[in-house]
Amino acid sequence: MELNGVEIEDTFAEAFPIKMARVLITAATMRWATVAAQEATGFGTSVIGCPAEAGIEMFVDGSETPDGRPGVYIQIYTFGYKSLEGQLLERIGQCVLTAPTTAVFNGFPDAEKQFDTGNKLRYFADGTESQTEVGGRKMHVIPMMEGDFLVEDSLGAIEAIAGGNFFIFADSQMNALTAAENAVDSIQAVEGVVTPFPGGIVASGSKAGANKYKFLKATANEKFCPSIKDTVEGSEIPADVNCVYEIVINGVDADAINEAMAAGVEAAVNVPGVKKITAGNYGGNLGPHKFNLHDLF
Amino acid sequence: MELNGVEIEDTFAEAFPIKMARVLITAATMRWATVAAQEATGFGTSVIGCPAEAGIEMFVDGSETPDGRPGVYIQIYTFGYKSLEGQLLERIGQCVLTAPTTAVFNGFPDAEKQFDTGNKLRYFADGTESQTEVGGRKMHVIPMMEGDFLVEDSLGAIEAIAGGNFFIFADSQMNALTAAENAVDSIQAVEGVVTPFPGGIVASGSKAGANKYKFLKATANEKFCPSIKDTVEGSEIPADVNCVYEIVINGVDADAINEAMAAGVEAAVNVPGVKKITAGNYGGNLGPHKFNLHDLF
Amino acid sequence: MELNGVEIEDTFAEAFPIKMARVLITAATMRWATVAAQEATGFGTSVIGCPAEAGIEMFVDGSETPDGRPGVYIQIYTFGYKSLEGQLLERIGQCVLTAPTTAVFNGFPDAEKQFDTGNKLRYFADGTESQTEVGGRKMHVIPMMEGDFLVEDSLGAIEAIAGGNFFIFADSQMNALTAAENAVDSIQAVEGVVTPFPGGIVASGSKAGANKYKFLKATANEKFCPSIKDTVEGSEIPADVNCVYEIVINGVDADAINEAMAAGVEAAVNVPGVKKITAGNYGGNLGPHKFNLHDLF
Amino acid sequence: MELNGVEIEDTFAEAFPIKMARVLITAATMRWATVAAQEATGFGTSVIGCPAEAGIEMFVDGSETPDGRPGVYIQIYTFGYKSLEGQLLERIGQCVLTAPTTAVFNGFPDAEKQFDTGNKLRYFADGTESQTEVGGRKMHVIPMMEGDFLVEDSLGAIEAIAGGNFFIFADSQMNALTAAENAVDSIQAVEGVVTPFPGGIVASGSKAGANKYKFLKATANEKFCPSIKDTVEGSEIPADVNCVYEIVINGVDADAINEAMAAGVEAAVNVPGVKKITAGNYGGNLGPHKFNLHDLF
């Protein structure tokens, strides 16, 4: 199968279930909401070595937020609800409560699973806290140096999906990077998903386990490493390919990830020098979620 | 003492010793170096609830880096060298190695304390790694999907200072925020320091311990909370003040923090509506480092 | 009438007919499309002293452009088609053709009025030009130093509307500016309009003509100047208002301007310190287009 | 001669005298100063088709400005003082006076040539204007809707130099663009110069006059066009080069342009895929200023 003259390999991305909380951060302006969102979702690329996977889902103006101010939806992922609750408390408490002009709303008010993160954060007020209602939401009012910080009583979480992905093969690093940047930009417009790696891009796609250094959970997937393609047996890198970027997508459900993968691949294949699109899987052993590239179009 | 007509209180900021590693991230362009630096320093405002304190120190062009590419210096802080080594490994391994086009150099090549972070990261190459030299630095070459990732063998650390600070009192939140933004911008030009909070600004300055919720290590400093100034006994908030922002500064040594505090205060007092500058301390009991506001000028 | 507790004055914005060309600039990435769009729409706030009024209408990803690349729609306004053709030729020729990786498409392919701007720009190729088709558009291929520049043969124009507006009255400059920034951000999401002033905001709303310096076509509207409200007879500035910003909106038709004014006002009234929304008109003598504030909601 | 393994051709950039005004724009924050500066310097790439050449020279914090606020220095160029005065009046009057929170200071207070631009802009106040002094500068105070706009009485101008340049030859467009971006970033740090083209980069270097379309003052320099290198007699494009970007530098004097050219070339040659650096001249007939590439290092 080809798209804009670029081969789309007949393979699938393998993804797995994970827990995810979604939080709406509002602020005096979109810029300050974004500052808080970036701090709160940093150090959040992969649960292999980060305390959570996290990213910015979308930007909304005041017509779509309970307090009428500009806002940013962020998503935070870990494998269990217990660790997710801890990450919510720390990331919201340390990176949003501390940020100028922010307020925090529940991004999944209808989810079955609800954490009382707002109720716990109110203890910071040390007895001076109170309650109010904003747009029908139960809010804690925490007096602080800048004024009052408002946080919704509960923050919801769901079982979501991590690890949707595709690989961009290109003739040069700068062409591959241009394709990856455009893919991430197009994915940004899809509701319900995040691309948790730096700038949304993975430079270092890995395999599970190791051939040599068995103490590692994940190591470079040498079959996809262009600089050693001539010496690695079974290299998957064609002669005309010199760079591969992976785009990893987490999201609320399979439909959102399907939509995001399609948007990303379509953006990537429009960039000159892109030679092939493929995807990463573990032979179907890791995750119950399979996203066939050929089914995207 | 007054500066530009604004009262500078006769008090001091109290700061404490901490361990700090400094890392130079280079990339194909300044933009991509910055993307990696932001991810690597995120979720890094305060060790009270974050695994480290971290921030961007400065931007340098290729004439100042070993590989001739644009670069960003970041700083990472924790209380002990053991935890610092862990944070370095995770933040560089998960947020810089994974980011497009980056390389990593030692930001303290002459420090006595050196971690072999680069040597550990090379295991990711699973046996395909090699060594080279760039600008006199010993580098590990890790083949990856995008090409080769280069990381210096050792990353240095020093005993540094955390908690330099000052408070901006203003008549309104937007005036206080403008003053805080300008203060952070001026501090950004000072070598050797970072402002680890979101956008460099703290909205929620705290006191050690609690009056009511004793299970917390830090709670809101109610004497500096404008919205409850009329009901809190001993409130430090004057009648004409309605917002306070704190700027927290970590840095390599006392000179750097002095310079940064002076630059920040001078920027802040130029903003209309700023009423007073003060600083946070614990009566001199917490930290051995004291920065008198009146000594800054 | 009140919105979120803020008075909406019972008045109208008075706007007038003008000619407008709409151009789609695509590039290798959204960032480079934006660089070209900013250069091409600069020095374009008001035809009183600029050669054109111009602005960025919207950002589209590759799924919405003829060449599958990210793009930016810009609008350029002058009073006559002759001057508009001149501005198109100069702004596209000097600021987009010269910019890295761009291509130019007709933003009004179905308009009756079409300029042969692309056909004229091909002369830059000095005989080396050729033709091709992209997404059904007739394109000129101009060999240049970076490679080939593609520009559509014709660029369309319509009779549009300039001068939709509203005024934000606030208690302080920083509150007024926050409200103006949020208004402009919300208007940016409305298709068909631009806000041509710097950052979308007018700090210096004017009246037609002059009281004293009769040689000027427009001077400050002293009745809306807070710093002289106590000395100007008939000042429109209430005692509690210390800053006014005007948002000026140009657009394809009355519906688009209505939608943009409503979005902007709703964003502005959510900002603390905003006291009143009003609009600018000339008693109905200048323009045939009237936008009643009370009809917006 | 080689630099980092890249051939530096033994040739020179030819530049010419031009008039230039330098203006310091301050604002409430650096961001708002930049918004005004971008609007005021837009539509300003080349006097061939723009009313002026213009660009942002440098960013300074409040410690370096008369009013203690963050500021941006811009430069505006035309061939004669008369046209320069007109451009100053229009660009400052329409794009800075209208922008939120700005003030305007003379960037060449000691120059012999001074325009009374501030004195003319005060007429906008229609009789409500007054005078004051800021940092020893004579300022006009113009009441406006946002408050008072301050502009210095005189704005100075000098005889400067336009057309310093160098060409980056690379194997691919994305590599050439990366080199150009880094060159512009490094030049941005040099005091006294601007790069007036979009993003500082010229995609369409031209020759004076035309071979075929004699009615044009400048056309594409076909000998530097990679896409037609095989058909153009005397093409200067080697077989392994597929993209050329030109960096054009204007500045206060020959020393500044020398420094900027050196910084730019050094940044460019560090990018993989860059094959050669050369420069544009007209055989020495156009301009009295010659910048030999080999003399830069």
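All chains are identified by letter, namely A, B, C and D, in their written order; residue positions are counted from 1 within each chain.
By our rule, a contact is a pair of C-beta atoms (placed from the backbone, for glycine too) under 8 Å apart; a residue touches a chain by one contact, two chains touch by 3 or more.
Here the structure is a predicted model, which means the values were calculated and not measured.
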Chain labels contacting subunit A and also subunit B: C, D
Longest centre-to-centre distance from subunit B, chain (CA-based): C
A-D or B-D, whichever has more C-beta pairs in contact: B-D
Where subunit A and subunit D are represented by their mean Cα positions, the distance between them in whole Å: 40
Distance from the mean Cα position of subunit D to that of subunit B, given in whole angstrom: 35
Residues of subunit B engaged with two or more neighbouring chains: 28, 173-174, 177-178
Contact graph of the chains (line, ring, star, complete, other): complete
Contact footprint of subunit D on subunit C as seen in their complex: 28, 32, 35-36, 38-46, 48-51, 89-91, 93-102, 123-128, 142-149, 167, 173-174, 176-177, 180, 197-199, 201-206, 210-213, 215-216, 219-222, 224-228, 232, 242-246
Subunit A residues within the subunit C interface of the complex: 4, 28-30, 61-63, 67-70, 178, 181-182, 185-186, 189, 263, 266-267, 270-271
Interfacial residue positions of subunit D with respect to subunit A in the complex: 172-175, 177-178, 272-273
